[in-house]
Amino acid sequence: MSVPADRFFHVIDPRTFDRQLLDELCEITSRVRTLAKSPEGARLLQMLLPDRRAMLYFTQPSTRTFLSFNNACHVLGIRTSEIRDPAISSEVKGESFADSIRTFSSYVDVIVMRTPEPGRAAEAARLMDMIPRPVPIINAGSGQDQHPTQALLDIYTLERSLEGRGGIDGKVIGLMGDLRRGRTVRSLCHLMRNYADVRLVFIAPESFAMEDDIKEYLWVHGIPFTETIDLASTLPELDAIYVTRMQSEWDTEGESARVDLGRFSIGPAQLSLMKPDAIIMHPLPRGGEIDPAVDHDPRAVYWRQERNGMWMRVAILLKIFRRDDQLLSLDLGDFTAPGETVA
Amino acid sequence: MSVPADRFFHVIDPRTFDRQLLDELCEITSRVRTLAKSPEGARLLQMLLPDRRAMLYFTQPSTRTFLSFNNACHVLGIRTSEIRDPAISSEVKGESFADSIRTFSSYVDVIVMRTPEPGRAAEAARLMDMIPRPVPIINAGSGQDQHPTQALLDIYTLERSLEGRGGIDGKVIGLMGDLRRGRTVRSLCHLMRNYADVRLVFIAPESFAMEDDIKEYLWVHGIPFTETIDLASTLPELDAIYVTRMQSEWDTEGESARVDLGRFSIGPAQLSLMKPDAIIMHPLPRGGEIDPAVDHDPRAVYWRQERNGMWMRVAILLKIFRRDDQLLSLDLGDFTAPGETVA
Amino acid sequence: MSVPADRFFHVIDPRTFDRQLLDELCEITSRVRTLAKSPEGARLLQMLLPDRRAMLYFTQPSTRTFLSFNNACHVLGIRTSEIRDPAISSEVKGESFADSIRTFSSYVDVIVMRTPEPGRAAEAARLMDMIPRPVPIINAGSGQDQHPTQALLDIYTLERSLEGRGGIDGKVIGLMGDLRRGRTVRSLCHLMRNYADVRLVFIAPESFAMEDDIKEYLWVHGIPFTETIDLASTLPELDAIYVTRMQSEWDTEGESARVDLGRFSIGPAQLSLMKPDAIIMHPLPRGGEIDPAVDHDPRAVYWRQERNGMWMRVAILLKIFRRDDQLLSLDLGDFTAPGETVA
């Protein structure tokens, strides 16, 4: 069996996503969210993919991404199996990575994988393309290189939070924190080529500045960007600021601790410098770079962003299995009335 | 969204349960048990909450309570996600407890949690009450302080086992073993205020006697109790004896080993001293305090008690999500005929 | 409740399986495979056992068998709970094996178990036969003694791969590798008494030759076998070769490493010596004993064999719960048309 080249199948690298795909995924995500608000809609979602089984193969510790995917599957009726501790895997018997992945594919219809090493998901996707019964591979984070589904949920949150002002097109977006080692900001930059007149501002300590490959990518695709270490003078012009934490787990000699984090944080003082309709995003988990007091400000959308991650992953699964048409053909009028009032 | 104060939402502390709630939960539990006996009834139960998702967050080792809750969810069609090893959680990235709990709440509709530290479930419930989309927190054991769902299943087992004799009201109930450190007996004592004319007998080594706060609670609520180290002379007057094991995992200097356990155990000799219609309960797991030979005596109800735990947790979930009305409106006549004969 | 002696209930020892049972299980397996090819058929399978719950108790590391059983359950709508790390179990509280197994049985309808110690599954089955609510025990591998469900999937793969030539009856089957310590080949030998005119050839280094108890079993049941260390001269006469890896995890002094594995391996050179319609099987995972280049040869059926494992386990569950009749009464004509084209 061969997979048509134009088919949305593996989800590996955000550089392959075009605007049409992004708009479709955002539209599906919004529909899913609406449906999920009522018990009737939630039951309908569960009937979309009960005949599918997923495998979550997470050899890098992760709570958030794991739960987000696991529950996205459950929303659609997909049954899940998980391998989260590589030590209990038969890899201890010396099996090759290729044989392990092919084994997983024998039992399920999609593999979601997260690894500490870069390139593993892409390697698994290539393996799939050479066997008689390939299953889609979803990259849920591979080392420091890419985290495509995080980028998609970030796009959705940006688009919908800025909806009243025309969406992402034409906006000034700040990216702050450990830009050198954060795979979420890297993936997000790659997707920016799909939007018109966006300008990026990188706000980072010099030792954690954005890597050259990303800057070159932006330059090639005609996306203007500036770099600064001065948050205060930058905040007033931003339509959105995407804050990230220090990725100290990649430290080689404690370099994170030498950063004056106070200069790259959002608290009440910084809020007063921001546009009234700007938004604050964060991929979470956070360290000290966003004061919990900020949570109550209407511009803080990171908790909604987190929950959007689950809905976007529902949309991705529907698109992969081509059941999105069933969803889009529904009349949502029946599902907008409040169903139950609590929880 | 705010949760009405009189709504059964979080399940944290048995001191907040009144008789009406206990009776309702027992009634729902009995209905669930009846339904579950036939395949048709079991399928009907699965249709009550398929649109809900649960998270089991167990940072304290537990097999029994975990399986009991996980399967209670499955009985109702609820999908479950689990975090059982805190080391694979993103807490390794330094996330606060508050942020972790809010994250879990983003993806599911109820959080069941068990922790080695006291007070954590109550803390999580308070956090929920301050956010826009609160989900119920169920305390599945928090340190040595409370274990409310265990207390509820104990009440159910007492009520139903003593049903032919008027239930718990008016009975003499012995509590034996490590009363000082056993959270199940503490929680059970709290619930006793809801029953009339109950008398309690604490049977424990002096160094593991019931704590003063519980004795004071009983005194305040007018519940008579006595303390003894003499099991043999006490047994003939008991309607029920609730046996517990030495909680040696809380030992600081091996104090459990210094107890003469033989004096606080049930074996064939003790059985002969008991009333013919008395019952023997135990929250399990057991050490040597109940001889396996006792299992075959009709007064031994602890295995049924264990399975009741699952049905009571089904009832709790139905009550939280207010689907108990659907259950209670069913005509059970159709479900009492034997369905399948085995397993 | 007592289980009739002729009922297929526990799945412990392949020596108890007769030809009629094997044929029935193969027939059910084929039906399941056909149904699963279309979304409609897959949904129908899910409606066969949604009212059942399974427990997977795996105290020996296993990816493949775990995933195979977990997904077999999911195919049928069975909900699963898992204990894979004995350290998180309440066995740390000193509970007996008997009490642990009885506890598991309180919450579920079937227990699938894999242990490093031999005889544990049989012990659990005996325990079940003494309690009021027994649940079936499925042995998913117990030490080095038996692995009955692996033997069943091997039988299915042999029967179906040799279908055009009359099935297993009358065939010459080679078993190669670490025959002394491989429980899969032991279990497979036990099943061979159910087939007519089969001849076995054991191809193994002398220090890993088949054990005497199996040879005696074959002799008693009139099954001819020969032993050799010369693969090349044996290959031309084989209808099937079942290759196994060195079970080095059971080494006491590194004895696996002293074997010249090159003499007990399949690569392009060996392929050229085989009959054009012979088949190559392997229980997986493999070490170096089958060159990945062999995967592309049509005689290599081990990947299909692996996936058959899931379908055979579906058949076993259906047979245990006596829902196979429902499956066999379906008209499969509606399900043979291609449903969806990918994944």
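In order of appearance the chains are A, B and C, and numbering begins at 1 in each one.
FYI, contacts are C-beta pairs under 8 Å (C-beta built on N, C-alpha and C of every residue); 3 or more make two chains touch, one makes a residue touch a chain.
Here the structure is a predicted model, which means the values were calculated and not measured.
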- Message: Is the chain-to-chain touch network here best called a line, a ring, a star, complete, or other?
- Response: complete
- Message: Could you classify the chain B-chain C contact as same or different, where same means more than half of all interface residue numbers appear on both copies?
- Response: different
- Message: How big is the rotation relating chain A to chain C when the fit is done on Cα atoms? Please round to the nearest 5 degrees.
- Response: 120
- Query: Rounded to the nearest whole Å, what is the centre-to-centre distance of chain B and chain C, using the mean of the C-alpha atoms as each centre?
  - Reply: 40
- Which residues does chain B have that touch at least 2 chains other than itself? 85
- Given the complex, residues on chain C that touch chain B span 1, 3, 7, 9, 50-53, 55, 79, 81, 83, 85, 87-96, 98-100, 102-104, 106-110, 131, 133-136, 320-322
- Task: Under the touch definition given earlier, write down the residues of chain A that touch chain B in their complex.
- Result: 39, 42-43, 46, 61-64, 67-68, 70-71, 74-75, 84-85, 245, 249, 284-287, 292, 303, 306-307, 310, 340-343
